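In the two complexes that follow, subunit A is the common piece, with subunit B as its partner first and subunit C second.
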Partner chain A sequence: MNSAQIEIQLIASLVAIACAIPGTFLVLRKMAMISDAISHSILPGIVIGFFITQDLNSPLLIVLAALTGIITVVLVEYIQKTGLVKEDTAIGLVFPAMFSIGVIMIAKNANDIHLDVDAVLLGELAFAPFDRLEISGVDVGPKSLWIIGSILLVTITLLLAFFKELKVSTFDKGLAASLGFSPAIIHYGLMSVSSVTTVGAFDAVGAILVVALMIAPAATAYLLTTDLKKMLGLAIGFGALSAISGYWFAHWLDASIAGSITTMLGLLFLIVYLFAPSKGVIAVMYREKQQRTEVSLLTFLLHLKNHTEKRERHVNHLQEHINWQKVRAKTVLDLALKNNMITISNDIVSLTKKGNTFTSKAIDYIITNEDTQIEDMKEDFFLFRG
Partner chain B sequence: MDIQEYFSLVFSDYTLRTITLGTAILGAVTGMLGSFAVLRKQSLLGDAISHAALPGIAIAFLITGAKDSNILLLGALVSGLIGTFWIRGIITKTHLKSDTALGLILSLFFGFGMLLLTFIQKQPNANQAGLDKYLFGQAATLVESDVWLMAGVTVVCLFVLLLFWKEFKILLFDADYTKTLGFNTKFIDVLITTFIVLAIVLGLQTVGVVLMSAMLLAPAAAARQWTNSLGIMVFLAAIFGAFSGVLGTAISASQNNLSTGPIIVLVAATVVVFSFVFSPSRGLLFKQIRFIKNRRDLELHKTLAFMYHIAETHEDISHPHTIKILNNFQGYTRGTLQKLVKKNYVTLDGNMWSLTEEGFNTAENLYNQQSTSNE
Partner chain C sequence: MDNIAVKVDDLTVAYNYKPVLWDIDLEIPEGVLMAIVGPNGAGKSTLIKAILGILKPIAGSVTIYGNPYDKQRKLVAYVPQKGSVDWDFPTTALDVVMMGTYGSLGWIKRPKQKEKKAALEALEKVGMLAFKNRQISQLSGGQQQRIFLARALAQNASIYFMDEPFQGVDATTEIAIINILKELRKAGKTVIVVHHDLQTVPEYFDWVTFLNVKKIATGPVKDIFNDNNLTKTYGINYKVSIQK
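On to the complex of A and B.
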């Protein structure tokens, strides 16, 4: 591993971390698509900044571009406030228009501008180490490392300083306002940080992939935890992990680093989406199946409770009477047996004492919907876990 | 070439005719289907689908090794559909919200597509050049067969739209009711979504991945301002879309260095802004005018009520008073006084005003108009 490779991985990881922090709050505030809008509409800001400074890494350009991002947010909110269209339509109208203006500005000045749309949209991390920052003749590292590093530093400082405010205003706007934190200031503060991060990251990973780095780690983390601090930590971890593994994947495939980082994020999300312990698709499907069986069990127990005749309680008769298929009937029967709720003698099913109390309790719960009665049943049955 | 020259060339020049026809048809079909996307609050779905189509194009190319645009579009369609249904899966199966699901699929699919595209570029295959036209679109690459394909899809889409008009409409406005009526909502839903995906995929070649969502939304959002009827809205959206396509092509053809896609989007955006401002019933301009008019009426009422309370204390209701006593009352202006005179509620005599019989009665009933008219 040579020093350029280490620098690329360092930049990629810092970008991933810097994106994951505002991204977590965007996902929680249901504003994920705003990051997409910002990442597209900063283009005119970048172009104008480039006209003025002729340098893609100048701070003025970053400020101008971030300003365009904030203008986008304000514009979206203004259109939404008129009530003429819904919020998502407002977003969908504003950013393509801004992006078009940027593309046209580039096209009109194609001759005297060394900036093409591909570079802005896709970025090229592989070239980042070649643009070096020199302070009084001493090489102190790649420019983009310094830029994204300082953005990350500011983001972390703001996060630590305003963590409580951010948390409250994210989960309960009304409470935050009544406690005296202005939701507007926090909102625009978050928007500014997102804009600046997007701009800082765009020349490393490209505007669209910034969106992936903002949303994907946070969404993946959200499937695993509901604790804000853990979610932030996980998102940062996922971001950095994908950045480094993505780099090596791109290295092996000889393809775009940004694209491969996103692919890693996608794989990570897919795995968590399928296998997350309580919120993954498989877990949800298993739970739904279990709940279905348990509803059947309850129906079955009720049937037993209501019938004392032997004829009604014969194993085969149950199958016909409640109209279940054989397999289903067997699962339900097994479940009931395992929980000691029934006994079977000579193919006649009868309720045990435990089964009897369980049934009454469950019916009670269904009628009154009072949670306290079934605390002890929650352990064993999905049905009562809500 | 200026715009006039363009319009004279449109009918004779093959390339211009093809491109103009193509963008017009594309604008019409996306406008039509976009109306449904906007009303179903799925505006950003178009953005997500168009990005999600990219890996499909790359994979189709990797498999066939040829650059036949029909096969590439088929790949885009498949990958767009996978993206759409995955979005739906995320929303229904997990607690992630729709915006997160859209952003996720959009960026992840696009990133994966970029990975494949850069991977293809490294392959020793001369055919690969030009795949990136799907990113930003190049209307100039449209050929007659593409236009025929678009026209064919538009006809099928129109046919399906007319056939299932009732179902689409009812699903749009009350999904639960539709279900209770016994319609197969899942089927209708999949049908309309598939057509939206199809329209987006068709547009990729012309306006590109990034700007496609605007083609879907802008005509529909503009049309929504002019009507409350679904049929008229779909029709208007198609017109607006076709108009943006033609005008955008005309402008970009008449200038150097202007790609068609962004110009079409900007024309469509202008149509939207125009509709937002000038629509008679919902537009901002007329809303403001109505607002001012209402405020004026209210002030008139306030002046009249004030006069009424003064007149009340006198036996003769038409007893004259000086105008001066109205002066420190905020609803009063010389204009409102004139208006009251015109309505015959007040008579002026030099510096004095007096309430007429009619004015007195009106003022008396000012605040119980509602109840009297109901009786």
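On to the complex of A and C.
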């Protein structure tokens, strides 16, 4: 690996981490689409900043772009508040308008300078190492590394300082307001961080893909944990992992780095979506199948409890009278035997003491929905996990 | 005369310039367990939210023990409607209850052992200690409501505002909750509850406010909970058999 390669991976990772942090809260606040709006509508801010400074890495650019981001959020909220259109419509109205203003400004004035629509839409990470920051003649690294590094530092500081406030206002806005943590301040704080991060990431991945970096790591992490801190940690990890693997994928394919990073984000999400231990598609399918069997088991046990006559308790009766297929009848019988809930002698099934208590408790739970009695049963049976 | 815990003067609240509460004057004495009753859209939740500064009124003022709410925040606990939050949020029962202590911490400061202890005690009071590490989406509706109540208890306030705490809970939980509310009253706290079930008003509460955009009446249940006020509030002839 040469130093340019290391620098690119470092920039990509920092961008991914800086995006994953506000992204986690955007996902939890069901505001994923606002990041799309911000990423597009900061374009006029960037263009105006560029006209003034002639430098794509100027801090003024970041300030102006962040300001345009905030204006977008305010406009969306204003339109929504009129009650005439819903939030998604308001977003759809505002950001294309802002973005097109930026596009026209570029086309009219910036034809002969380094600011083209392609770069804005897709970014170009490969060129990042060429634009160096020099302090009194000494090369201290790529400018974009310093920019995204500073943004990340500020983001992490704000996160550590206001974690509690972010959490409570995301979970329960009403409570946050009554406790004196103004949800509006926290909301606009988060929007400012999102806007600034987007500007910082813009250069590297462009307006379209920055949305993926904000949303995909958080959405993936959401499927794996029920703890906010772990969700943040996982989102950061997924972001960095996609950044590095994406870089090498692009290297191998000789293709766009930003495109490859996003592809990796998509792949990671797909894998987790399928295989996550409790929320994944396969786990859910397995659980539903188990629940069906458990309901059958309960039906069978209840039947045994209600009938003392031998005719009703014969092994074959399961198929003949309860009307189950052979396989299902066997599964249910095996499950009951495995749990010592029944005994079979001469093909006559009887409830054991354990089976008897289990049935009463389970029926009781289903009728009353009071689950203090069945805590010990939750371990073995999906049915009682609510 | 008793201390006045909450005083509302000429309060008017509007959504999009359409008033939903008109010129409300209300005095809530300290130590009462009060129900706010009225039909859907009467502005019951709005009244609580306006008192707590969550909604900005277009006119009027609210004082808590003689001072504006901003200065008295720490005296007040709020239990929002259970449906107002996303129960799939990645957190545990204990963590939600801890949120009740955030107000006394103020900005930036983090909860420590003291706050955790307060939260655990509150969980125990509502009989949910065994569920402290349970993810909140894995709780039943009644348990979620108890967690909300525990969160308010962890605030250790003097005045409790609750928005429909009995909504969607089973009979056992309802009794458990009302017993805790009665204990709060016994301890000299003031409890204000948005309530829907008129039948249980005389049994649960000692004070009642009838609300339908305007205030219809407020006072002791035994004096004013009658067919006349119910009819005025609900607009139809209301007959409830009041057990005295």
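Following the convention adopted for this analysis, the second predicted complex is superposed on the first by the 381 of 386 C-alpha atoms of A that agree within 3 Å, B and C clash if a C-alpha of one lies under 4 Å from a C-alpha of the other, contacts with A are read in each partner's own complex, and residues count from 1 in each chain.
Here, contacts are C-beta pairs under 8 Å (C-beta built on N, C-alpha and C of every residue); 3 or more make two chains touch, one makes a residue touch a chain.
Nothing here was measured: the structure is a model prediction, and the numbers come from that model.
Partner contacting the larger number of subunit A residues, of subunit B and subunit C: B.
In the superposition on chain A, contact of A:31 is made with subunit B only, not with subunit C.
When the shared chain is aligned, no partner comes close enough to touch A:350: not subunit B, not subunit C. In the superposition on chain A, contact is made by A:231 with subunit C only, not with subunit B. When the shared chain is aligned, subunit B comes close enough to touch A:91, but subunit C does not.
In the superposed model, A:260 lies in contact with subunit B only, and not with subunit C. In the superposed pair of complexes, A:170 makes contact with subunit C only, with no contact to subunit B.
Once the two complexes are laid over each other on the shared chain, residue contacts for A:181 go to subunit C alone; subunit B is not touched. Of the two partner chains placed around the shared chain by superposition, subunit B and subunit C are both touched by A:222. Counting contacts as defined above, subunit A residues 30, 222 meet subunit B in one complex and subunit C in the other. Per the touch definition, subunit A reaches subunit B in the complex via residues 27, 30-33, 35-36, 40, 79, 82, 84-86, 88-89, 91-93, 96-97, 99-101, 103-104, 107-108, 110, 117-118, 121-122, 206, 208-209, 211-212, 214-216, 218-219, 222-223, 250, 253-256, 258-263, 265-266, 269, 273, 279-281, 284.
Against subunit A, the residues of subunit C that register as touching in their complex are 16, 49, 52-54, 70, 73, 76, 78, 80, 84-86, 89-92, 96, 99, 102-103, 105-108, 110-111, 130, 135, 137-140, 151, 170, 172.
Listing the residues of subunit B that touch subunit A in their complex gives 38, 41-44, 46-47, 51, 89-90, 93-97, 99-100, 102-104, 106-119, 122, 132, 135-136, 210-211, 213-214, 216-218, 221, 224-225, 257-259, 261-263, 265-266, 269, 272, 276, 282, 284.
On subunit A, the positions that touch subunit C within their shared complex are 28, 30, 81, 83, 161-165, 167-168, 170-175, 177-181, 222, 225-228, 230-231, 368-371, 375, 385-386.
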